[in-house]
Every structure is written in C-alpha cells, then in structure tokens.
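Once you've had a glance at the structure underneath, I'll fire off some questions.
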C-alpha cells in the first residue's frame, strides 16, 4: 500500500495516477458535473460538433457527449474492474491450488489454462457473451472468464517459484504445517505481482469491454458505456467522427495511464524480474 | 557406550526424474546407505564436492526430504516412523542453519517476525524480551529486530538465521554450509560464534561443508562423501587419510602459507554424472590405485576405529 | 623500465559512486600478481579498468592512468583498446558455466579470436584452436570443438575459456576468480594450468581471488584491496610472514591452518562497508583494533616499505621479517 | 530429433480432442435455437421434430459429438442451418482472406516489432528507447476497431489513398494489416527489448567484449541471436492472440474472412458454421504452439539436448 503512495512520487506515476483518479472522480460524480442528462433526447441538437455549449459535441439524438462520456466511464470502469476482481480471486485460488498440490490436478489445470491462454481473450469473451447473453452482467462474466487463465498461470508460477525458496524449507524445519506455509509465506509473497498484473489487465479489460460494446454485446441502451458509444458512432464515423473519436481517446488514455502507473508500481515494489519470469 | 543423540541406519534417498512425454526416466541415488552415529555434544563434519549428497543428507536427517529407505533415530526414536504431530514436536529438538542467508529469510518478515516464527509454529508462548535475548545470543543489537532482511549484511542475516535455529533451544543443529556464501572475515566470525554457542549451550552439530580445511578446524570427526556414499570417516580431524579420494581432497586444499609451497598435483578427471555411475567403486575412474576389482565391485564401508570404503587403502 | 601493466593512482566511478581510489599496481611478464580482497573491495573493477572495459558497465576512470606496455589506455580509441583485448590481454571469467555462448559451438568461439586478431583464415584458426586445446590437455579436441557448451563439464569449460584467452597469443592473462565456481579437485587442475602458462610461456598473470591459499601457493606479488583502496602491495613471502597492514594481518588470521587449535580463529568484527557508506579517514578504521583519532580523520597515504612494498596505514608494522 | 517430432505431433491429438469437445459443448449452451429461425411461427410440433431429426439434434449429446467428430475428420463440416450451404464451401471461401490478412499482419508485427525492440534495447533508457516504447504503448492501448475506423477516416475518406473496405485489391489490405499489426508490434517490440537487455547482461557477453569483438557484432550476432529464442517462442504461442485481432478488424473493414463469418453466424446462431470457424482458429493456435516448440528446438541446442 505504501508502494502506491510512493508510485505517485514518480513523475510518470503522478501524471498517470492523477488521470486515473480523475476518471474515478467523474465516474462517481457523473450526474453532477454537467448540466445535461445522459438520456434525454433533443433531436434539434443532434450532430453538433464540439462547441462551447457541448465541449465534445452531441450524438445522433442530440445528447451531450461529455455527459455520456462521464456516465460511460462509470459503466466501463466498474464493469472491467469488477470483472478483473472476480477473475483475480478465482485465478489466485485455482493457481495457488495447482502450484501447491502439484501432481495430476496441477497438470490438468495447466493444460486447460495453457490452451485457453493461447486463444485471444476477445474470442473467448465473444463466445461467452453469446452463451450468457449481452448486457453488463454478461460482459462482466465473459471478461472475467477470459482473463482467468492469465491469473491462474501467474499465481501458479509465483507459488512454484516461492516453493523452492530456502525460507520455505526453513519454516518446515521449524515444524510449520501446510497452512502456515501457504498463508504466512507463499500467498503474501505472491500477492504483489498478481495484484499489479491485475491492475494492468484492467486496462486490457476496458478495451475488451469496448470491443464487446462495439459488437452490440456490451451494456444495452440507454446505458452509456464507452464501447456502446463507439458502436453507435461507428456507423456515423464519416458523418460525425467526434462521436466515436472521444470515447476511443478516453479508452486509450486511460489504458496508457494504467500501464504507466503499473510500471511505476512495479519499479517501487521491485518485482520486475519476478513478473517477467512468471510471464 | 551411551546411546547416541542421532543415529542414521542405512539411510538412502533415490531421485527419479523425467519419465514424461519428452524426457527419458532416469534415477540417481543421492545418498546411499549411510550409517552414522552422532554422540551428544559432538561436532561431526560432512565434507565432499558437488553431487556427493551432503546437502541431501543434511535434509534427510531432519526429514525435510523423505528417505527412500533407512532410519533416523533421535535419542532412540525413529523419526521416519513418526506421524505428523509427533514429528512436529520432535522438531523442537532439532534445527537447521542454511547456506544462503539471503533466501533463507522471508523478505516480507522483519527480524522480530523471523524470531517469533518458531514459537508461532510450535504454539509455544514467547516471553517478553525473548527476541532481545535471542539477538544478544548471536551478537546482534536489539535494534535490528525491526529491520527487514534486505537492510542487513550477509553476516547479520546469517546471525539471524542462527538465532532462529536456537529459538526453541534444540539439542541438535544441522549446519548446511553456513559460511559458504560469506566473506572470509565474516566466515571466521560465524565459526567463532557457533563454536562459542556449542560450548555454552552444549549443542551437537552436523556441519556440512566443501572446505576440508574448515571442517578439520571445526569438527571432532569427519565424514567424507563421494557421489552419495561415505568413503571414509576420519576419527580425529588430524587423522591421516586412508582413502585415496580423501588424500586427493587434502592435497587440493591449498595451504595459506607461502613458505610451505607444494607442487600442485591434481587428481585427473572430473566427478562423473550421478545418473550413470559405474558398477564398482564410484571413484575408480579417477583413482591412481584402482584395480580391476575396484571397477566391478563396490567396496563397503568397514566398521573399524577408522572406517574406509576402499579395497586398497593407504 | 616500466612494467607490462602499470596502474598509477587509478580511481574509478560508476555514476556517482566512487568505487576505486588511487590504485597503484605493476605487473611484469613471467610474474603472477594476486589481487586479494573481500566482496566489494573493487577487485573485479580493477580488472575491468586494466582491460579498458569500464564503459561496458557504465564506469569511467576519474583519475590516474592505466598503462599497458607503456601505452596509456586513455590515449587509445575504443578500437585501439579492442585490439588490446583478446590480442594482448586474455581474460578468464569467474563462472565457466555461463561464460560461453550457449548457442555457438565450442570451436567457433575459440576460432574467432585468432581470426580477428591474428588474421588467420578459417582452417588455420581451427588448427590453432585444436593445438591450444591439446596443450590444455583437453581430450579428443576435434570432437570437443564441434560440441555445444552445455555438453561439457565445468572444468572442461574453464579450459575452453583459457584456450579463448590464449588464442590471440597475449602477453597478459587476467583471471577473475577462475576457480571459485569449481570443485576443489578441479580447481587444482585449473590452477596448475595457469601456473604452467606463466612458467612455460612467460606470460604475466593477474589472479583475482579471495582465497589466501591460492595466493600463498601461486603468486609472486600480492595486492590487498579493501573498500576500493589499496591496503598493501608486497612480495608474497613477507606479506604472509610479516603483514604491514592490520587488515592484511587480520585476513591471514581468518583462515584455518593445518593443526590450528579450535578457538584460535579470529574474524574481523563488523562488515565491509558499502560504497554508499564509506567512513571518513581510513576505510578500515571501524573494524581495526589499532584505530585512533588520526585514522578516523585522515586518509592514510601509500608509503614505501624497505622491502619495496607499499602500505597505506598510519600504524603500519615495519614489515621486516 | 525425428522421434521428438513424431511425439510432438502425436501430442496434438489429445489436445485436438479436448478442443473439439469444448467447441462442441459450448455451442450447445448458447441459447437461441436455430430451428426456431427456420420454422414458420405456429408450426406443428411434428414439423419441429422432423426438422430436428434432419439436423440430428434429437440424438443424445455424446452420439451427436461422435457423429460430428467423425464427419469433421472426413472433411464434412455439415450444412449451414441458416445459409443452407455446405460449411466447407463457406470456410474455403473465407479462409484465404483471413490467411492473407493474418499472415501479413504477423509478418508486419514480427519485422517491425523485432526491429523496434532492437533499436530500443541498443539505446536503452535514452530518447529513442523512450520514444519507441511510448509509441508502442500508445499503439497497443487503442481498441483495434476504433483504430481501424480512424485510419479509414483519415487515409481512405480524407486522403483517399486506400479503398474504404472490401477485399477486391491488395491495397485494401494495407489498413487492416496496419490495424492488427500495431497491437502485435507492441507485443513483439516489448519482448524483444527485454530479451535483448537480459541477454546483453549475461556473462558470456562480457567475455565476448573481453575477446575484443566489436560491440555491434556482439549485439547482432550474439545478443540478438540469443534474444530471438524467447521472442520466437512467445510469438508462436501468441499466433492465435495476434490473429484474434483479425476478427474485429475484418468486421470493421467488411472483409469476407473467417472473423466476419464467425460474428455473423454467432448472431444467427448458426452452429455448424460457428463450430467450423472455431475449429479453424483452434488449429491455427495448435500449429502455432507446434511451430514454436520446433523453432525453439532448432534455435537452442540445450533444448534439443533435453529432448533427446
């Protein structure tokens, strides 16, 4: 936790962290930041390019894009972070169990995980949304499952690596049981790299959410999400490019910020080598 | 004769590797039928080169690795037959100090956490001020208790490792190359410390090392291993070697005295792979005294005042 | 006449860390100089400076000069220094297991040196390689030359590294802890080979080691480094018999000798300071029994001893045996 | 080596079976019944049963799987329920488009990625490194469909350099390849840079300098050669991942490839087509891993030794 604060002291960390905090702020207070409503149509105002009244312009229904972007941040950020949160939890349990017990269970998990890992996340998510059905819940579940392999792999690799450390042997020589070794040594040491990679994956998940939204499988209208906004804008890209431009930029900048802040965290926690070895 | 504190009977460990889709199955005997008795208060050294099985032996004695066969008796109780709970209780009487003072401490633990761990694990109350006393025992100031391992020097870390080993006041400590990763000036400090602790607390040591000079300085009795088997047990540190391998080890050990220069007369060849050992004496291929018998028959360790496993001892 | 390798007042820094200060060393053909010290003393850095390889690790010489065969290395360009390396200075690394390119065959790794520096063609270079391998008593040299590094044992790899060092027909070999990673019986083999090179070919050998036994048995002169400074530099006989610097004396008392009684070993209290925390004055003073106010305040200068050695201590022993 | 090759190829069999079971099962969990699409509203249950029998949907699952697998292995991918055409024909039509796009994108990512990674590593922590890694990061954080649309807007609509969409000419490939390739380039450049820096720090590199070899020769002949081993391995493992980008990009640029086909049949619940598309992608992934293992063995004698 202290490393997060220290990461803010690095110049890149401060800029990236500032952007992320701003995004969280607009997501939480979206309703109070602009004079417009995200869902009231004003067809007379449709297709307005950016102007002092509508900083980012309006869409085909005359809705203010900045307002929708703020509300979209709420959907996009919450969907991707909740999905990744669940994915990390499951992945850690699965990966820790595989790394800890080894043997046949480990081999079975490894085969399945390696197989899914070599498939693109978008494909897994597409199929899953097709099964579960579109909407925010479906998107969350699909993203969660799509990233499960990554966290399982990483946790397993960490546990395997740590298992060979002498301090584990030292604990055993004192008479430590499995629970002590797992919960007092292995998991606490594995936590930092897994959490940092979860943060980085949240960035990828934002892109994934947007892509599902583009296919019309994400949040359903009228709920604004960055992906849904781009989906609507894609048909109008030649007529009103600003509709699709700004949500895309929001995604790109946010993901860059997540990556930069993650880099700062990795440097602060001094875990670069461990993250690379496990990748 | 009184009962030895530790007695190993035909202790053996084999390792199997591979056998999967892409790697052929191979097996090696890391430790082959080792018999050894250690009396209370004794310092027994185990010396040998890489692959001789000394580190595996150290872990077998504490049952950190399960033996393939054989027995480990602590005060007459067979550790290999103990159920988990009883083994945990027995671990209060034994401890280990590891070679690498960097990886033997959890990087997330403070020194105080490290010292408390034995009590937590064994569910024993820890007295107030116990940590300070433990640190004082190994010559560290109480102020290091709040430090993390990366803030300490190698020598200080190894002292913390020793304090952890002493926490539950064991009778028997396995020292696995405790000074091999330290500078010589620090190595001497640690050896002095271990020596003093033994005298004060009446400890029994099994001291593993590749450094014959150090073993001869520190130990009462010396076990020489080569490729998993004991080839000789020197009853006194200054005893003359009887096995050709022990002799070669002694000649390879360079004396830090320029007035006593010797021509370096190295042993030919290198240690063969433990996965493909010849049928006879493992040392036969490099031994200047080897005969046909050595190449076909494996010599047993004789039981004598000065045991040696060789058909042509010196 | 100047020596083959001469370091005069050499200081080295990496970034802001001043890691070596005022190192004076000289080494001639047919001589073995032992460079002794604990970790962090600057032994390897001295070797890098002697080979002009400091830029590789981001280091630079900040004072003094390194002369090889009379030429100041700093006056040579990078290309000139490169011609020195491999051609006139051979290098033997600490860990033979990682010293060879794992994806190149053994022979090619040796060939390249004579092809590059002696201008030999492919066939001549290979002939020279095989000849060198045979001289180093590598059995079945032709087969080994076609092998991959992972197929050889540690001792065999170290012989290959030595063959690489010899392939350019150098005048000086710098060996950085050449036997530390090897088993003792193999260590003896390698030391025998290195000593033979000096005896038979008249090479100069700089032998970096922390093993006082190796120093005592092999070296002609010994330089003791402590925390980036030279503590003492003398012929091997007197430095063991009557060390002038308290650190040298303490170092010799750290190693168990034949027939030493238990309890007579003496460690040096404290630990080697890190470069970030070098103490003022003599850097050894916090661990020295003889330290006084002068030692804490003033850096001791190197002074000559009657036997031609150098020592940097305010309370040096006369050093006469 | 030959025996390794045989064992390695044989190992694909259980993997293929596992993948085929997963693909087969997944499709049965997808809600929405294609039969509903085919039947007129208000058709009788009998008509429905007849229709189900015609497509074999009334048999127990394992039987359906066995029949399906048997047909797949003989090259019979069935008939599309909605499109009412042999699936094999549809795949055969779409596959060349996807292979061309995927192959070029892969080539682009490898060449660009390795080149940029090497330049970045050689200038580690100086401005070219920062510029390249910054650009690469930016390129990898833009959703590919969005990037595709923006590129289309700028280069096709405003500048008119390339056709907007379709697959009628080679120039139509430029923007899609670029769109997919940027993500792949980012991945490859990052791995290459790290692998180069790691390799440059190895002991043997220090010894190469001590032998007096020129730094450029050391970097290109030894360090890069060494660094390429993990790069090639990961690249092969991630073939599917790079091609996955193609799915969205094909849709954006309206290219008649597998991705477009997959998305379309997925929305129409056309099982046989979806199954076939997924099988093709799975085959690409499996061949990728096979290729990766073989390349690794070819490049690294230590790997060969461990396999012997």
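Each chain carries a letter (A, B, C and D) given by its place in the written order, and its residues are counted from 1.
Here, a contact is a pair of C-beta atoms (placed from the backbone, for glycine too) under 8 Å apart; a residue touches a chain by one contact, two chains touch by 3 or more.
Quick caveat: nothing in here was measured; it's all calculated off a predicted structure.
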Subunit C reached from subunit A - shortest hop count over touching chains: 2
Interface with more contacting C-beta pairs, comparing C-D to A-D: A-D
Chain separated most widely from subunit A, comparing mean CA positions: C
Rounded Å distance between subunit C and subunit D, as computed from the means of their C-alpha atoms: 53
Between subunit D and subunit A, distance of the C-alpha-averaged centres to the nearest whole Å: 22
Interchain centroid distance [CA atoms averaged], subunit A/subunit B, Å: 50
Subunit B and subunit C: spacing of chain centres that average the CA atoms, whole Å: 32
Interfacial residue positions of subunit C with respect to subunit B in the complex: 38-39, 153-156, 183-189, 191-192, 195, 210-217, 236-237, 240-241, 250-260, 262-263, 265-269, 271-272
Touch list for subunit B against partner subunit C, complex: 49-50, 153-156, 183-192, 195, 210, 212-214, 216-218, 238, 248-249, 251-259, 261-262, 264-268, 270-271, 286
Residue ranges of subunit D touching subunit C (in the complex, touch as defined): 202-204, 206-214, 222, 225-226, 229, 299-302, 305
Contact set on subunit A toward subunit D in their complex: 111, 115, 118-123, 126-127, 130-131, 133, 203, 207, 210-211, 214-215, 227, 230, 234, 237-238, 241, 244-245, 248, 251-252, 255-256, 259-260, 276
Subunit A residues within the subunit B interface of the complex: 165-167, 169-177, 180, 185, 188-189
